[in-house]
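My structure is below; once you've seen it, I'll send some questions.
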Amino acid sequence: MIGQSGIAVRTITRAAASSVAELAKYGVATIHEAMGRVGLMAPYMRPIYPGAKLCGTAVTIFAHPGDNWMLHVAAEMLRPGDVAVLALSSDNADGFFGDLLATSFRARGGLGLVIDAACRDVAELREMGFPVWSKAVCAKGTVKATLGSVNTPIVCAGALVRPGDAIVADDDGVVVVPKARCAEVAEAAGKREIKEAATRKRLAAGELGLDVYGMREALARAGLKYVEDEASFAREFKK
Amino acid sequence: MIGQSGIAVRTITRAAASSVAELAKYGVATIHEAMGRVGLMAPYMRPIYPGAKLCGTAVTIFAHPGDNWMLHVAAEMLRPGDVAVLALSSDNADGFFGDLLATSFRARGGLGLVIDAACRDVAELREMGFPVWSKAVCAKGTVKATLGSVNTPIVCAGALVRPGDAIVADDDGVVVVPKARCAEVAEAAGKREIKEAATRKRLAAGELGLDVYGMREALARAGLKYVEDEASFAREFKK
Amino acid sequence: MIGQSGIAVRTITRAAASSVAELAKYGVATIHEAMGRVGLMAPYMRPIYPGAKLCGTAVTIFAHPGDNWMLHVAAEMLRPGDVAVLALSSDNADGFFGDLLATSFRARGGLGLVIDAACRDVAELREMGFPVWSKAVCAKGTVKATLGSVNTPIVCAGALVRPGDAIVADDDGVVVVPKARCAEVAEAAGKREIKEAATRKRLAAGELGLDVYGMREALARAGLKYVEDEASFAREFKK
Amino acid sequence: MIGQSGIAVRTITRAAASSVAELAKYGVATIHEAMGRVGLMAPYMRPIYPGAKLCGTAVTIFAHPGDNWMLHVAAEMLRPGDVAVLALSSDNADGFFGDLLATSFRARGGLGLVIDAACRDVAELREMGFPVWSKAVCAKGTVKATLGSVNTPIVCAGALVRPGDAIVADDDGVVVVPKARCAEVAEAAGKREIKEAATRKRLAAGELGLDVYGMREALARAGLKYVEDEASFAREFKK
Amino acid sequence: MIGQSGIAVRTITRAAASSVAELAKYGVATIHEAMGRVGLMAPYMRPIYPGAKLCGTAVTIFAHPGDNWMLHVAAEMLRPGDVAVLALSSDNADGFFGDLLATSFRARGGLGLVIDAACRDVAELREMGFPVWSKAVCAKGTVKATLGSVNTPIVCAGALVRPGDAIVADDDGVVVVPKARCAEVAEAAGKREIKEAATRKRLAAGELGLDVYGMREALARAGLKYVEDEASFAREFKK
Amino acid sequence: MIGQSGIAVRTITRAAASSVAELAKYGVATIHEAMGRVGLMAPYMRPIYPGAKLCGTAVTIFAHPGDNWMLHVAAEMLRPGDVAVLALSSDNADGFFGDLLATSFRARGGLGLVIDAACRDVAELREMGFPVWSKAVCAKGTVKATLGSVNTPIVCAGALVRPGDAIVADDDGVVVVPKARCAEVAEAAGKREIKEAATRKRLAAGELGLDVYGMREALARAGLKYVEDEASFAREFKK
């Protein structure tokens, strides 16, 4: 149940390591396209420094505004290659996470954090190279008083995340790949990249997308009307 | 007509290249002041990397939420020195533009993009040095199904842009200079810079703006009252 | 009175220089914790470039939307080690501050600016190394027509600031330390850092926060239930 | 020029009274569709009470944040049947307009106000039946210190408004009809209403839009796949 | 799969009618508490008129920004007692729904709409008594060009909704009750109401929540310190 | 100290009842003007039903996101004529307050609530006629786990509120009158209303504000230029 509190699941099935390694080769935009344009978190989730990138398996956390207790419970569940993903029961931008937790997560093999709240100590995190995607940066600390859950399904920034799903994040945002689809998505992403490389070459040479993608006929069918100049436009469509 | 769909104008009158070259010497803040404090887009339009800067002539695009078809139509209209400027018919932050379109735009001589929506592939765009000002970054792709227009007047981020107007953009935002005013504005901007350089020298030497700009009398006339210390303030204006 | 207009206080009592120097050793998150989790401005106050940091004493400014006149009045009040802090009577994101005022402020010994509005010339400010925390960046200029106040108490981004209070700002945000509390807070911050260093070492070695902070018992008392795997979870909490 | 300050135009050409009377018969959504889906202001423009409705000719006002001086200049320009439309040079939600100005506007024949800022005295305005569309309600007053303009083209809430254009506003928002297009748009709106009435009857009788609009074939062509039940869905698209 | 496009499921299992009838007796806040404080949509989902209330079973719709085609496909799936629930693939506030679709939905037995986008014709919908919860009101129309899905799981305003789940909505917002939990939740809600009625009586008689809920000891344990007056407070906690 | 946690002050000095009774005669906009345009809370604070109005003395509450424990502590401090005013340590829109607390508050003589968070049970509160100003409406409940404070100074929606200050709220928003200034402000408000009544009469008779307030000369001095018609405007200010 989404938003169940008081539960921590110790053992989860993770996306296959080989598939995650494949996914790691591609950017978020490519993977999202390869999945059929689904799986993205909302665009307010931004990396705390440019160039941040990660690909790993989700340990999910459900917590309450102003309370980061569950991040400590989650630390114990982290395995090398995991990404902590935290959703809140309601909007709040407190600083749930800082360099101490990052130190702990890294020691456990955690690769980074995706948090629908804020983090702090961003200068230290940048220096550590510990990537975080968050909706804000805020120095405000939290309490440890109310139970949430660890490793139950969550909705984070509009995306459903199940424990063990693959998480890919870069400058373009965060995408969730359901564990059962990782291999298939990685393969589709690879094909897409090959196709895009060919397209890029043609576009770089000055060919138009109109021709490369064969759009001219569809545009005509849709009724696009070319007029020669602004004077003609003004004549036909008097403002 | 603003928001007319289904039209693409092939030939537009652009701001004179010499005036655009003049404008390129100045920053957005200076040009906006030189124009009489008008012409700015809303401040939510931000460069995708710090230090981005451009000055060129507008090829305007009107499109619909979630649909980037018209960017392909616009590519054909780009001439060296142009800047693509896209407005939407309603709020949406999908990733309308990425490195493939940037490759195509650059091959056509396009200098950059100003888009009242989101772009993606920002790591690649940063590496290419292809500057974009947008209201968001988002990996989400778009469809190609509904006609908008190219090279008709648009309202982008609150500013009216006519095809061929000069667009200047930097870390401070985006300003539109109507093509007929470019020479005059560049000249005014130049004069302003000269004046500011002199002022900067005086301020750097420790003179106060109060004296440099001769504000003391106006402040007194407006009724500004100086009190010596906090105790006097507390006595006179008991909280 | 908060929001009193038409007053400028010439002499203010500043936090003791020695305490401010002590505070300067710590980050915003540490100081906020050391104060008992109070004193922070809202997280929308962001530095204009990463890595910005300052610690100084507040010269407070109260101004009105679209009008930066009082910044010039404030320049005269700045002493070496001061930070200008500006609050508005209502929401507005005009560019109240640019490189000329920064030049003037620096010449007077001003360390930086905290402004619940926007600034401009950010490329120049970055180059000067003049740090600003603001809610936006905007090229739009302002008028000089309406009186506000200088060195009266203000509410800036949700925090009460009295003239002479210490202001500490970094990548995590802005915190206000009341002048009477600076020594005590610096001391508490120092103790906290020592304790955190020890904790960091343990966490880096792989110990869990659950054990370092002794949370296991409290979690059990609160009712946290560990289940072994997803299948058990699904059985007990059928979705 | 959009955003020109210091100008007040006394005499403007207004949309023909007969066309405005025709437009007044239709709602905003209908007129917007009849125009080809253009002309709407942004949806943050809301009536201050439910059921507000107006249709009149625009007297345009350009003003600056926190300064309502131009509303007084505009009062003199109002003729019976006019609607005041105010745009700001930058974001601000002060209370520019209250019951005194409403009394004055009404005495001049003004029908209402559309303002990209806030108004106040809303209880009194509701009682007077003086309709206002605004982006906020706020008690905060304004100064009268800086010139804007009256009866020059403006961009209000994203829509271009020229003096004399028709403004239609209701619970659904605000639409601008360029004065030259009023007759044509009113006619198209009338036709649309007739068509909608027929459609409404069929839909009320239980016919489906799929059939009324003949969408089944296009859906099939686009690839819509019907599956019989959730089990089949789960089989085909394993999560 | 969340966000799957191109699928419409004809037959879904709905929450039992008897349980839905039970749930209809309670408000959203009560049900959300009875569920263990989960299941709410984000608070930006507001009714288009005060006093709107509904309880029914979800027909889910996934659509794309600016495109309401799937609402027509959904109409065919509606059975008496159903509520249409629409999620978008990305943020957009176009007017996806108006009085024609409401007429059609009602003819099919639909009770109302929950839409993470905007609706229009709100005056007509209010008159019809057709309740809608949306994130905005907007006259802007949509196209019918891109496939989404009907009756697949969606995330709407942060809440996971499966086809056939119970939807309860009133002035306080929207809550989703998974179909398997409806009976249990209705029962818990009933018990809660009985308990609250007793509490209400005691509170109305002047008893304090501190005593009714027995909070005094816990507050003391947490360290709450009562001081007699402001002077004592000021002495102990010098500002 | 703003944001001090763990303190509840039992006895506070309230604004004199006679002055509060005087203030109750005036609207928020009038009082704010009478105070010299200060004291307003941010305009996002809205009444939960139109026509809500109150005037009373503040019992202040400082609380943390998602935790309404202190509202129960505050109930004991309420005296007839009081208004509870709640500020949070950080942004959160949970439903801190509902009809049970309203029943308790009313039984203690409380007049209403001003809360920089959300409330719920708004249909019941409307029926009870218990007015609340909040930043949102949300069904989501809260925990009772973390101490805040009661009757210490707070910053609520940008305004400093001290225990016992007068709070006036209506459809236009919320204004705080420091207890020491209530008599003076009520008197000034009364004078303002008399003056406004006279002005209203003149404006209703068709006189212009330009003449009533004698603005013509100042406008001329500021440089306002009247042009006869749009053609003249276009000639002088070619777009």
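Which chain is which? They are A, B, C, D, E and F, in the order written, and residues in each are numbered from 1.
Operating definition for what follows: contacts are C-beta pairs under 8 Å (C-beta built on N, C-alpha and C of every residue); 3 or more make two chains touch, one makes a residue touch a chain.
Note that this is a predicted model, so its numbers are computed, not measured.
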Given the touch definition stated above, what is the smallest step count connecting chain D to chain F? 1
Match interface D-F to one of A-C, A-E or B-D, accepting only the pair for which over half of the contact pairs are the same residue numbers. A-C
At the interface of chain A with chain F, does the proportion of residue numbers present on both copies reach over half, so same, or stay under half, so different? same
Among the chains, which one keeps its Cα centre farthest from the Cα centre of chain F? A
Selected pair, greater C-beta contact count between B-E and A-B: A-B
Centroid-based (C-alpha) most distant chain relative to chain C: D
How many Å are there between the centre of chain A and the centre of chain D, using C-alpha atoms for each centre? 38
So how far apart, in whole Å, are chain D and chain E when each is placed at the average of its C-alpha atoms? 29
Multi-chain touching residues of chain C, meaning two or more other chains, are 1, 4, 37, 43, 89-91, 93, 138, 140, 146, 153, 178, 239
Residues of chain B touching chain E in the complex: 64-67, 89-94, 138, 140, 143, 145-146
Touching chain F in the complex, chain C uses residues 1-5, 36-39, 42-43, 89-91, 153, 155, 158-160, 178, 181
Give every residue of chain C touching chain B within the complex, in rising order. 1, 4, 6-13, 49, 69, 72-73, 75-76, 93, 95, 98-101, 103-104, 106-108, 118, 120-123, 126, 136-141, 144, 146-147, 151-153, 163
Using the touch rule from the top, collect the residues of chain B that touch chain C in their complex. 27-29, 32-33, 37, 40, 43, 46, 50-51, 170-173, 175, 196, 199-200, 203-210, 213, 215, 218-219, 222-230, 232-233, 237, 239
